[in-house]
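Naming follows writing order (A, B, C, D, E and F), and every chain is counted from residue 1.
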Amino acid sequence: MSLADMASAFLLLGGSAFILLATAGIWRFDDVYSRIHAATKATTLGVLLVIAAALLRVETMADSLKLCLAAILQLISAPVTGHMLGRAAYWAGTELTPFTVIDQLRSADIEH
Amino acid sequence: MNFVIPAMIVLPVVAAGFSIAIWRRVRIQQVLGVAVLGGSVAGSLALIFAAAQAGPLVVHIGGWRAPVGITLVADLFSSLLLSISLITVLAVFLFAIGQPRYDKSAYYFHPLYLLLTAGVTASFLTGDLFNLYVAFEVMLSASYVLLTLGGRRDQVRSGMSYVIINLAASTLLVTTIALIYAATGSVNMAHVAVRLQDLAPGIRDLFGVMLFITFGIKAAIFPLFFWLPDSYPTAPVTVTAVFAGLLTKVGVYSIIRTQTLLFPGDQVTTAVVLFAAGATMIAGVLGAIAQDDMKRILSFHIVSQIGYMLFGLGLYTVGGVAAGIFYMIHHIPVKTTLFLVSGLIETMTGTAALRSLGGLIRRAPVSAIAFLVAGLSLAGTPPLSGFFGKLLLVQAGFASGAWTVTAVSLGVGLLTLFSMTKIWAGIFWGEAQEEPPFESARGTGPLRAPGLMNAATIGLAGVTVAIGILAQPIWRLCEHAARELLDPRAAYIAAVLGQ
Amino acid sequence: PCHTSRSQGTCRPASVVEPPAVIVLLACHLAAALLLPWLARRLGKGVFWCGALAPAATVVWGAWHGRSILAGNPVVEVLSWAPEIGFDLRVLVDGFALVMIALVSGIGVLIFAYSYWYFREGPEIGRFAALLVAFSGAMLGVVVADNLIALFLFWELTSITSYLLIGFEDRSPVARAAALRALLITTAGGLAMLAGFVLLGEGAGTYTLSELIAAAPRSFAAELALLLVRFGAFAKSAQVPVHFRLPGAMAAPTPVSAYLHSATMVKAGIYVVARLAPAFADVGFWRPLVIGVGLATMLIGGWRALAQRDLKLLLAHGTVSQLGTLMVLFGAGVPAATLAGAAWILAHGAFKAALFLVTGIVDHQAGTRDLAKLNGLYRQLRACFIVAALSAASMAGLPPLAGFVAKEAAFGAFAGAPWGAWEWLLPLLIAAGSVLTFAYSARFLWGAFAPKDPRDLDTAAAVSEAAAPARGFLAPAALLAVFSVAMGLAPALWSDLVVAAARSLDARAPAEPLALWHGFTPALALSLAAIAGGLVLWRFRRRVAIFQRLHRFPVDGARLHDRAVNEFMHLADVLTGFLQTGSLPMYLVVILSIAIVGPGIVLAKLIHAHPEVLLVDRPMQLAVALLMIVAAILTTRATRRMAAVVSSYLVGYGIAFMFIIQGAPDLALTQLLVESMALVLFVLILRHLPALFRTHGAATWKTTRVLLSVAVGVFMATAAMVAVAARTHAPVSQAYLEQSVPEGHGHNVVNVILVDFRAFDTFGEILVLTVAVLGVIGLIRSAQRDRGRANRPKTSRRHYRPSPILNGAVRILFHTLLLVSIVLLAVGHDHPGGGFIGGLVAGSAFTLVFLAGGTPRARRAEPASPELYLGSGIMLAGLTGAAGWLGGDEFLKALFFSTELPVFGTVEISSVLFFDLGVYLVVVGLVTALLRSAGREETVVS
Amino acid sequence: MRRRAAAFGWLLFVWIALTGSLSVLNVALGVAISIGLLLFFRPAPPATTGRFHPWYAARFLFYFTVKFLKANVEVALAVIQPERVRRKRAIIAVPMVGATETTTTLLADAVSLTPGTFILEMRRDPATMYVHILALNDLREARLEILELERRILLGFGPPGSVERCEELMTQVATEPQK
Amino acid sequence: MILSLVVVVGVLFGAGTYLVLHRTLTRVALGMGLWTYAVNLLLIVAGGHAGLPPLVNGGVPISAYADPLPQAMILTAIVITFAMTAFLLALAYRSWTHTGNDEAEDDIEDRRIAAMARERPAEVPQAEEEL
Amino acid sequence: MEIVTTICYAALALSGLLCVLRLVRGPSLADRVLAVDTLLIAGVAGVAVESARTGSGVYLDVLLVVALVAFIGTTAVARFIERRGAQ
């Protein structure tokens, strides 16, 4: 097993672990906003790690570029996804957990 | 013929593509459509002569020989149906061009119509099961859209039933094809036919029954026909006319093609077919008698007459199958003519409800004559085409000793006549029972329809007369076609697989 | 064996007359029928004279050839139509046909002449004349046809034309009902007859009537056939129990009654029986049936005539009675009776037509034909009276008139028949019929012309004055009356004709000429007895009428018929109402049940075939399978539309992953992209629709649904296992894998299949896409169109607020995605990708723009109209296919070009790339069209 | 124009990399396609562009990567022990410069990917973002942290003067009285 | 023959049927979608075992590849179904603009006839004179 | 390597299970979509793991497309939620 393979294996395990963690968050957190936190951060990291692992293993330039494109896409899309979902949920009136201490958007909206 | 056969599918498609690209220029679309359809008619007639002389004509699309590529096969059976269908299609297209009110919602009418034609043509010509599914989908999707193009409430309602039931049937079709592929590893019909012979008879029966039911839904046989009378009458009349003539017949075509080619002489299906034929005749005609609207009456008759076509197949003799083919050839233009008459009447009066009309024999004699000819032909009055269809079936039925179904077919003929008189008496005789919805239906003066509409209708009515007059040569062709169908190894399979 | 004169004709087919004159005459009738409506616009009533030309020509032809025909040389003509079906226009004019021609065309001419006077000018004259001449031609055809199918053809045409003539006064419900009754009954009979003809024809191997009669086949099928044929004949000739149809037909104008319902059409049934009887009277129960029915008809008709007030009805019942008599005479198959029948049929034609015509004149001049209103018109209508008196006397069988001569012949006809008591009973019964005939003849004459006792008179409406008719109006009737007299006084005038007619039917018929005076024979005694009986009955006419009124026959045929029709229509309603529920789910339940029960029965026998079963061949299959199952069940259980959509979307992704596991990257790509497009579309549509599914239907309905679903699932899974286990050969796809690189010039076999091996499927598929898109645009446009008119439902219209974050992301991704899509298109032949996938990726780019900025932004991003994409895509694909022809090869043959260019080096290009480009364009058009139409109302407020 | 050129370069690179061929023909094709795409398809009106400072951009990237990793650890801990974040959810308004679309997007991405924050909504006049925070300890600190992120982005990608405006905002937030 | 796939085929057909037997077009469209998945999976099953993606290179025996023909057919089926789904949705939308919902209503004329069937047919009037 | 990828697959499968549980539970549409989105990301990871296992680039297009599709799908539904309210 080469060093690259070792690194790759390590990255794979780490990535998978983060994804598992993220989904655990999705299952465990108490409101949709908190779940978005889990989904947009941990999964992105997880995927990036796994993609990095794959980058170490693929051979052609085209394949590497495809992996990079996928990573970029993930980096761009994950936060946008979270933002869009959170915003939609908020304006649709999805309840915040009662543990929310401040809601400055609500007050701004009322002023508006 | 390597050119003619695919061209009959491709040229309408390319014309449709052009029409879509220039979708606002209706006149160009019309001219193009007439040219292409006229060419197709000529091509299909050429096919009949060629196929009668040389046996089934085969085109290997893309140069890939069967079973690798998709083959188009024009044998006498498909050529005959194709010709009469295209003649009908052309007549309806002319009728549509002649319509006075030009509706903006009909921007896409012409390309859709051409695509429908292409789908029908491809369904008749393809020699590949999966491609048959695709061709069906082209035809059906065009029909869905044409049916609902106006977007009226009743069109949407009936469109839902029509689309959903046909989609269900398509799903069954592709499922059956998948199963056949699983068992035989091929989808070329001739190849499948050869390979099916190596399977256990039981599994052949399974596929045979599944295909029969699947196409039976499309052909609107008993008890799978309910969707048809609910949906057809709501479409714009040109659409209904062409549906009435063509679509279910493609279903019947597929039943005959698959049963004779893939499952030759299977006892199970033959018995089922005969039963279905009788039940379809009766259910359809009873439904027609219960109706009060010309288009609905005619729609139920479509169902009833599908029974006649199946009857021919169910006999499974050369005479029977040939009679069934003859009946199909007769039915396509006649049923279309009747719907065109209803279209003329609707164009002139705004309604086709028997209760709202009366006395049109004085006000619209051309429609009356066209209706009389086509209606009598439908009921089987000599010497019109329908009579020969019926006579041939009765001859074949008695020859096979199928007494019951033959008797049923005669009785249903009487009931058909009865229901034609209902239309006749309701629309052309007497006076309206109810206040008609439109002013034009109320007066007493002559009603006029645009000349092209009248000409198309009368022309198509003339076709039934012509079929009656040419009964002998057409019968010869039908018999020849039936012989080929009943001996697929010698004709179809040999031509496709080249043995 | 050609021993009859009739079959001599058929034994000499070479004697075909050139030109086929009778066929030309038939064609003349047809041509006249087609021309008269147009001529009527110019000529008005004059068309009747034109119409008369066709039958007149026939009469002339008959007179010309009469001598030769009577001498036993029938005219045979054949126009070959469909000999392989057994159908030729084969004409045979022998003696009997000549008799019938005399009736059909001879009386036809008179009817046309009469009609000229009878009708007022009007727009419908042309139609009437046309129908009349058409009928005349059809009837001529019936009597000259020597081919069963041709006979049936003309037979049916007479039914149809009579339907149209009876219903000519179509505004009258009575006329319409009578027309329908007549049509249904005669056509029902006609169809029975057709069945009989086919059975006879197929059994005997010939459809030529004369050959069939000569062969006289004996078999069960033949017996059945003859029974069916007789049904047809009885129906046509108004025999019991359908005799009621004839009085009903009196709703027609009088010329029709005179022509169709006395002289000609009603005799068609008699004609057929007359043709067949000599050959088949010995078969089975031919005689009991025919004679029994004939006698019953004769007596019932005559009896009912005695109670009629309407002169036409009186005559109609009389005709029924006479038809019964004719049926007995011809149907008995006794040579002498056949001769008598031939005489009777001619005599009847003359007197009955005349009486009808007179009735029409009386009706026309007095304004009524109710005998209780007509009072003493013999003075004003003296000429009419004379004509009527002569004709009625002939009908009553008074000497020295034609009717008497015929009746004498009939009374003597059965002498020597070997049937025991029937030998003398039959003449007696016929005499009883004559008693009735005498009585109603008297009633007619009295009713039309006599001054009446107030007891018999409807005083309030009595008509005692009427203007004398024009001479021309009466002339046809008068001519007929002259015939009646002449034929009575000089039987030799028509004796040859009658004898030849009888002998053409039955060679055994006596060559004995007709005579007015036979000497004192039993026949004379019967005649006298009949007259005496008639006088007695006439004496008690009031009592008879009252008796009939009080003791009506409990069954009224017409009413029974109408009730039967109504009940039948109700049955149709009930069955249709039961089958045709109009409910889509119900239809689907039926269809799906049939679809699995039928094959299920077959499948049940096949389950023993076990394939080698593995749970999985890749472990991940199990995980994905479970995911799909859960998601599928979630989809069914969702109560909210969008929740259901999201669940099914997961199933779609599941299957995409399954494709990956199975080794199908192209499929996975397509599935994923399509799935996301579908989701976007769902979102665009569902934003309008209610959030919740409405629940309705009973619990049983839900159970049905679940049971059927389970059944479908089990059936399909089982069928799959059985089908896979049945595989005997290697799949054809081996060839694809082998030929893809060397022949198809591509490494991605799936793509090579799509654009080359089976490009025709792909070609169809883009058509489906295009069509569906046009449908979507059309439907949504139609909704927009009537937005102003209809009060369409409102949804919450919260506008979309643009997100700068999303905008930024899209700006970064857009062009890259488009480029990737082009790459996918370009490399698809060797790598995963191709036109579909490329097009869908490009579509995704547009979708992103749309999601970020709504329709305006999307339009900006992509300037061409969807129609242009769709149309040019289709054209490109089609024309690329057509390029195969240019290479002198098949449609869709892939062409490869490889050239050396100065700077670029080797350039290799394949036509399949252009095909794929067409696909790509269609897909792009699809996506943009969907976004534009379904996303139309997505407005942006910033 | 600079932006266009960059886009063109990127597209050409992607083309060549994906098709994996450096032949004259392929490059020419790539050039043509890239130019065609950029000319024919314009999804949005041209936006104002900033100035690119590679050094600061790289620094931002490093800064962000560290934060990103930290964020994930924090979320991981929160998943394991949800009580850690339970009583501290908040939606706070943070003023921002929002100089160009690029910087805004980068900021949004960065905020969303860094510790326990994501952008719920963004408003103009005055440019404000509303950030959902998983565990709010101190409002002012949280705001300053996000503004610091923006400042670093503006240093790398922002137009001239934007950094100064960001710093103004930071002082404003720092001096604002705590509620 | 892979049992897990066959089971999924069955479940998808069943679930699809359950949805299709509703009046709501949204459900029907989803049911049709499930049916198509089922058919596609069935085609995969018909193609035999999983294999290498059919991107042929020399050196690998042909039997190692997955059967490409079902894949091509599935592709066609996917696209056709998508087209039909789009059309169904447009129909649902159009129905909503008419009725405020996307449910398939019963046919009016059929119901009228069913109602007529529940009545007795009209009595035939006694003929005036003995017609 | 095989062991590592097997562990990865197991972890991803478990993730999938958790997502499905969230999908079933809801309660809001946003939750469900989030679950599906995450499931897809897990799918992306799965494809990447497969590529790392085999070193083959066959499925990399799929990888790219799954990510793209997840993005589009989630955004689209988000727009729906925004318009139609919490479900």
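Assume a contact is a pair of C-beta atoms (placed from the backbone, for glycine too) under 8 Å apart; a residue touches a chain by one contact, two chains touch by 3 or more.
Predicted, not measured: the structure shown is a model, and the values here were computed from it.
Counted as hops between touching chains, the shortest connection from chain D to chain F is 2.
Central chain by Cα centroid: B, whose mean Cα position is closest to the mean of all protein Cα atoms. Look at the CA centroids: the one farthest from the centroid of chain B belongs to D.
In whole angstrom, the spacing between the mean C-alpha positions of chain B and chain F is 48.
The distance from the centre of chain E to the centre of chain F, with each centre set as the mean of the Cα atoms, comes to 28 Å. One finds 10 Å separating the Cα centroids of chain A and chain F. Once the centre of each chain is set as its mean CA position, chain C and chain D turn out to be 77 Å apart. Among all residues of chain C, those that touch two or more other chains are 569, 573, 576-577, 580-582, 584, 588, 592, 665, 686, 716, 720, 723-724, 731-733, 736, 757-758, 761, 765, 768, 771-772, 775, 779, 782-783, 786, 798, 803, 805-806, 809, 812, 816, 820, 831-832. The set of chain A residues touching two or more other chains comprises 22, 24, 36, 44, 60, 62, 66, 69, 73, 76-80, 83-84, 86-87, 91. Among the residues of chain B, those in touch with two or more other chains are 130, 134, 137, 141, 144-145, 148, 151, 156, 160-161, 164, 168, 175, 179, 181-182, 187, 230, 290-291. The touching residues of chain D, when paired with chain C in their complex, are 7, 10-11, 14-15, 18-19, 23-25, 28, 33-34, 37-38, 40-44, 47, 98, 101-102, 104-105, 108-109, 119, 122. Residue ranges of chain A in contact with chain D, taken from their complex: 18, 21-22, 24-25, 28-31, 33-34, 36-38, 40-42, 44-45, 60-62, 64-66, 69, 75-76, 78-80, 82-83, 86-87, 90, 96-97, 99-106, 108.
Residues 9, 13, 16, 20, 23-24, 26, 29, 32-33, 36, 39-40, 43, 46-47, 50, 58-59, 61-62, 64-66, 68-69, 71-73, 75-77, 79-80, 82-85, 87 of chain F are the ones touching chain C in the complex.
Within the complex formed with chain B, the residues of chain E that make contact are 20, 25, 28, 32, 35-36, 38-39, 42-43, 45-47, 69-70, 73, 76-77, 80, 83-84, 87-88, 91, 94-95, 98-99, 104-105, 107-110, 113, 116-117. Within the complex, the chain E residues that touch chain C are 1-15, 17-24, 26-27, 30, 33-34, 37-38, 40-42, 44-57, 62, 65-76, 78-80, 82-87, 89-94, 96-98, 100-104, 106-111, 113-118, 120-124, 126-127, 129-131.
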